[in-house]
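Two complexes are shown next, each including chain A; its partner changes from chain B in the first to chain C in the second.
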Partner chain A sequence: MSSDIDTLPAYGSGGDTTKGIGRWLAGFALRGGSLLAFAAVLTFFSVSAPFFFTLGNIGNVLGQSAILGVLAIGLTIVIIGGGSNVVKGGIDLSLAANLGLSAAVYATLISAGYGDSVAIPGALATGVLIGIVNAIAVVVFGIVPLLATLAVMNVVAGLELVLTQNTVVSASTDFLSVLSSYGPFDIPVLAYVLVIFTVLAGAVVQFTPLGLRLYAVGEFPEAARAAGLPVRRIVAGSYIASGLCGGLAGILSVAYLSGSTTGAGEMLLPVVVTALLSVVFSRRLVPTIGGTLLSTLLVGFLTNGFQLLNISSTLVSGIQGVLILLVVAATSLQHGKGAV
Partner chain B sequence: MSTVANPAIKDRFTPKSFGEGVVRYAVIIALAGVFAFFSFATSTFLTSANLASILVNNFTLLAIIAVAMTFAVSAGGIDLSVGTAVDFASFAFVSLVLSGHSVGLAVIAALASGAIVGLVNALLIAGVGITPFLATLGTLFIGRSAQQLLTNGGNPVYLPQTGIPPLFGFIGHGHILGIPVPLVIVGLLIIAASTLLFSTRFGRVVLAIGVQQSVARYSGLRISGHIGLVYVISGFVAALAGIILTSTVSVYIPNSGNAFMLNAIGATFIGTTLSREGRPNVPGTVLGVLLLSIVANGLLLTGLSFYWQQVGTGLLIFIVLAASFLNRSSRSD
Partner chain C sequence: MGENRGIGRRNLLKASLAAGATFAAANAGLLAATANAAAEEEIPSLKGKRVAISATGTDHHFDLTAYNAQIDEVKKLGGEAIAVDAQRNDTKLVSQLQTLIAQKPDALVQLLGTLTVVDPWLKRAKDAKIPVFTIDVGTPNSINNTTSDNWRIGSDLALQLVSDIGGAGNIVVFNGFYGVVPCAIRYDQLKAVIKYYPDVKIIEPELRDVIPNTVQDAFSQITAILNKYPEKGSIKAIWSAWDVPQLGATQALVAAGRTEITTYGVDGSPEVLQLLRDPNSPAAGNAAQQPEEIGRTAIRNVARYLAGQKLPRETYIPALIANKKNIEEVTKTLRLG
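Moving on, here comes the complex of A and B:
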């Protein structure tokens, strides 16, 4: 099968020293460039919309980005563990549908009279279960992730429709009120949730032996296998972790929207873009949890800035598109034109 | 998959060959299975009126878009922006007809719009060197914004009931020798696409690039030009679906083409099971589309809620994929 569809450019191996330095410089320029671009975006909006650079607004952006951020972190874990080859490597297209079903399960349980003690585990279990199905499909059946998660996405989106009959199931509990309220410094609780979740996920992925193995498995599965790592279990684990993120995002989305959502599928492409953009914020151009947070915030700030400036939000999707292309073009040129 | 070479010949006389046969013909078996199932389960499925409706209503558009996708996948890529090409073609078609131009000119403009979307992909992929997945994803996002800007935030463009040249509706509703026009177009497209991919030098180069791009390059083939052309063709072919869609419903709805994208990918990859090497191929894609169409139609007839239909379709794709990949991975181990 024509399966060499890489999402991210491959890293050139070897090359002489000058070339190496050149590449390093180019990488530095790209990384610096992306941070610079981020800073420029912030400065531009701060100057043109005075309200933009206030603690309250930044907190709002963080809060509004919480759902996207949690999902994108889930996808990042899968991409790290699966490598950047889209078809053979890691991708989880079922994440957005997962959010939809988990949110629906949560809201339905609440409206059926169950408390949070049932509904929260219910939503998380839904997410994990979807992750397990993905893991089995990818690791046991050997279906390429793009297709496996595509099929699972259809099933999950269908189940959500069956459960909610395509209506919004509203839900309100004390727990949800807390989640959707404002915490210390007048910053939304959801913003704190995003930051805490990123720190936790980042700690596990970037600073533990488990995280290191995840990278090893993704970048060079054969070598990882030869070194005795349980490759299949780690890959399976990455899909289950991603499923858990979907369940968590489902709960956050019920808090944010005071009910289930019928438009969860719309989240899929923004999530994919956010996770893929994360590479430009890392030193070696690999996906990282911190990078994903930054790219989530970049998208969030752009959307917010446009709203404050009364510029049509329809431009956001176009700007996301241009961003991907600029970033990836820069990376591709950096690695030489060979990788068509 | 490139790691799974071609061990089928070696294994021909082992008991495994039965299992392989099942997988090799998984699509056909599944097709026969769902066909038989719906024939017994519902009284209305096996009527000529319904079978014709499957072809016209369920099959046509997805078949065209999946053929477009097959070109990109054949060259080792993917085209996530097929829906964007459908939309732009649809927009150009409606706009030109609305402003009083002839249907012929509108059709040409629509096809050109689709090809331009493909050309953007071609420049990004073959020119700049961006991987197909991201390049076409970028095109999709930019196309989405562009359509919203063109339509004041996403308002549909309706055609009035009167004063539209009859040729406009003929594309979607007319008949040639008793055969619906959309089916004629699909039939010609399938023949043309099969011929182009399997019986021309261009097709052989594209397939070679899809199997092993580096080898194709070292063999002295002109990689970039061929890859670029593949995406232009993909956009051009997808534009056909935009024209038929618009002619059928007389309205352009911004960003409606993306709904086909994932099913087109599904059909193309289901179709790969038909080839011994697991390669994309036009007949396989067409059977994959037929399978999805029959399931969509049959589930509708069983009176199952619309929502269960999506679950059923997903499960079926899942099972077909699991059957084929389970076997392939056991062969490679």
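Moving on, here comes the complex of A and C:
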């Protein structure tokens, strides 16, 4: 993983004072600005669409964000463990395809007459297997993650086509009905799933020694290796965890769509956007699980608000694009490319 | 028809439907009946009513025309339209249905969609006491479904195909959207017809049409299958349940110089009707629907229902099979481009 050394100069070089202040300002503007922007979005929609700020609608948005949120958390784990260099750092492009294949495996098993006791492990195992393939490609063969997971993405998408013949496979079980129903306070069960999953993932990544090692490996691979951390094993683990998230998201998606449908690949861009955006919602401008939840909800609220205001949702993609540009520009500035 | 001037396009349409009906004896009864029944009736107002319109996509001539016609009609009847489009993304479609249901509109109209994906949410809307209407979605959860008679479209198109190829030969079939009810009905009708023509064979495996990139994908799939069956006569015809794959297939046949093969589809998209007019094009049959009339009628049914009138389970809007011989008459009758 020596390529990750490229991310080092950002922290390694001292830089002169003016540059330091510039960076600090950029970081401050980004952090404060992003929270302000989030608040502004909420206020704007609450004022212009009275229905927006109701418990029912917020619950719906949380539920609608569950699939994206779980995938984005998977990607966040990979980015933390692989370093946030957009080109050479950790990335898992196979996540959306993973969701598609896991959902297809689940739905196919159900429609073949197997119960949830087979289909759930089947979907999760599919996700984990994809994660293992990614891990081998990246850690054992040393392929740049961007390319390795791109190749795996194509293989996985192809397998989904073979399995489903590019058709909709419907599935309904008691478990799926519970997942797609509404829970306490008339909030979708998927919303609770997202919150619980975020809390669990956040606890592991932000508050355990394992999580700390994950950050260490991502930010300072050489130092981590020197300190005796099993760098390769931790990086491999991050891809497997991400694969598991893909499998889990697959199950949620079967519940949401009453089966597996085509077009899972369209999820890729929103997942990458969400995970990259998570950076601006953290104090030190690093990817965090909590930040990912916030950026998932930002994307969810934007889509929902536009829907309520009857504005074309294609605008959401445009806004996502602008957000990415801002984030990448500001983080580059903050990491001080000029100082290298 | 001079007395119709100034009454508006839809009355003109009805008048021309009635007039045109004389040319096609088989369809005359159906068309004239629809035209007369609609012309006499007053449409109740939608004043103060919010009508939610949920479209699966608007990337295709049929969808877009029906979608816009719905919005226009809601406005014309004095109501408020909450119209959203899922851009052919099922996840988006479910979210938009959830959001629409939560807004508690006075009625919800679903335009197309894979039945197993939309039906649980239409049921949820019904359970929330929102009157559900559909276009081209056959489900017990909707009060009324406005649609073309897809059984008739399916069998008429299949009969045209079988007759064109002389009742024998291999045909290529696009069957990618069996989960969408109208497509399933048309496909089943094709199977029902060729059951009695044992010499007509569907080449296995069937092709799967896709969205998006339907035209390019159909082009490359047909090009590939032509390479697999290089002898002239080894394929007689290509069938698809809508006409965007037909467009790609027709272009592929022209590009490969295999214009002896004929193509068939459904919807009456302007591009395909244009191909039908071209005597050298392999496009041989197209079931022309009236998306504008379908969208408008669905909204009128909403208004009728909200005014307390009883509705039939299905409202059928006439469609006609256009072929190389009758294309001009059909476009004139249905007032299509």
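The rule is short, and it goes like this: the second predicted complex is superposed on the first by the 303 of 340 C-alpha atoms of A that agree within 3 Å, B and C clash if a C-alpha of one lies under 4 Å from a C-alpha of the other, contacts with A are read in each partner's own complex, and residues count from 1 in each chain.
Criterion: a residue touches a chain if its C-beta (ideal position, glycine included) is under 8 Å from a C-beta of that chain, and two chains touch if they have at least 3 such contacts.
This structure is a prediction, so every number in the text was calculated from the model and none was measured.
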Open item on the list: Is A:A137 touching anything from chain B or chain C once the two structures are fitted on A? First, second, both or neither.
Closed with: first
Open item on the list: A:A227 in the overlay: touching chain B, chain C, both, or neither? Say first, second, both or neither.
Closed with: neither
Task: In the superposition, chain B vs chain C on chain A residues touched - done: B
- [ ] In the overlay, answer first, second, both or neither for which of chain B and chain C A:A39 touches.
- [x] neither
TODO: Quick one: classify A:I324 as touching chain B (first), chain C (second), both or neither.
DONE: first
- [ ] Answer with first, second, both or neither: which of chain B and chain C does A:L212 touch in the superposed model?
- [x] neither
Open item on the list: Tell me the contact category for A:A151 with respect to chain B and chain C: first, second, both or neither.
Closed with: first
TODO: Examine A:G56 and indicate which partner it touches, taking first as chain B and second as chain C; both and neither are also allowed.
DONE: second
- [ ] Identify the partner contact of A:V162: answer first if only chain B is touched, second if only chain C is, both if each is, neither if none is.
- [x] first
Open item on the list: Considering only the contact definition stated at the top, list the common interface residues of chain A for chain B and chain C.
Closed with: 165-166, 312, 314
Task: In the complex with chain A, residue positions of chain B that touch it - done: 1-2, 4, 73-78, 124-126, 128-135, 137-146, 148-149, 153-154, 210-211, 213, 223-224, 227, 262, 265-266, 269, 272, 277-280, 305-315, 317-318, 321-322, 325-326, 328-329
Task: Interface residues, chain C side, partner chain A - complex - done: 82-85, 87-92, 94-96, 98-99, 102-103, 114, 116-117, 119-120, 176, 178-179, 208, 210
Open item on the list: If we count contacts the way the header does, which residues on chain A are in touch with chain B in the complex?
Closed with: 1-9, 86-88, 93, 137, 141-144, 146-148, 150-159, 161-162, 165-166, 269, 272-273, 276, 312, 314-322, 324-325, 328-329, 332-333, 337-340
Task: In the complex, chain A residues that touch chain C - done: 51, 54, 56-57, 60, 63-64, 67, 165-168, 170, 180, 188, 253, 256-259, 261-263, 266-267, 303-304, 307-308, 310, 312-314
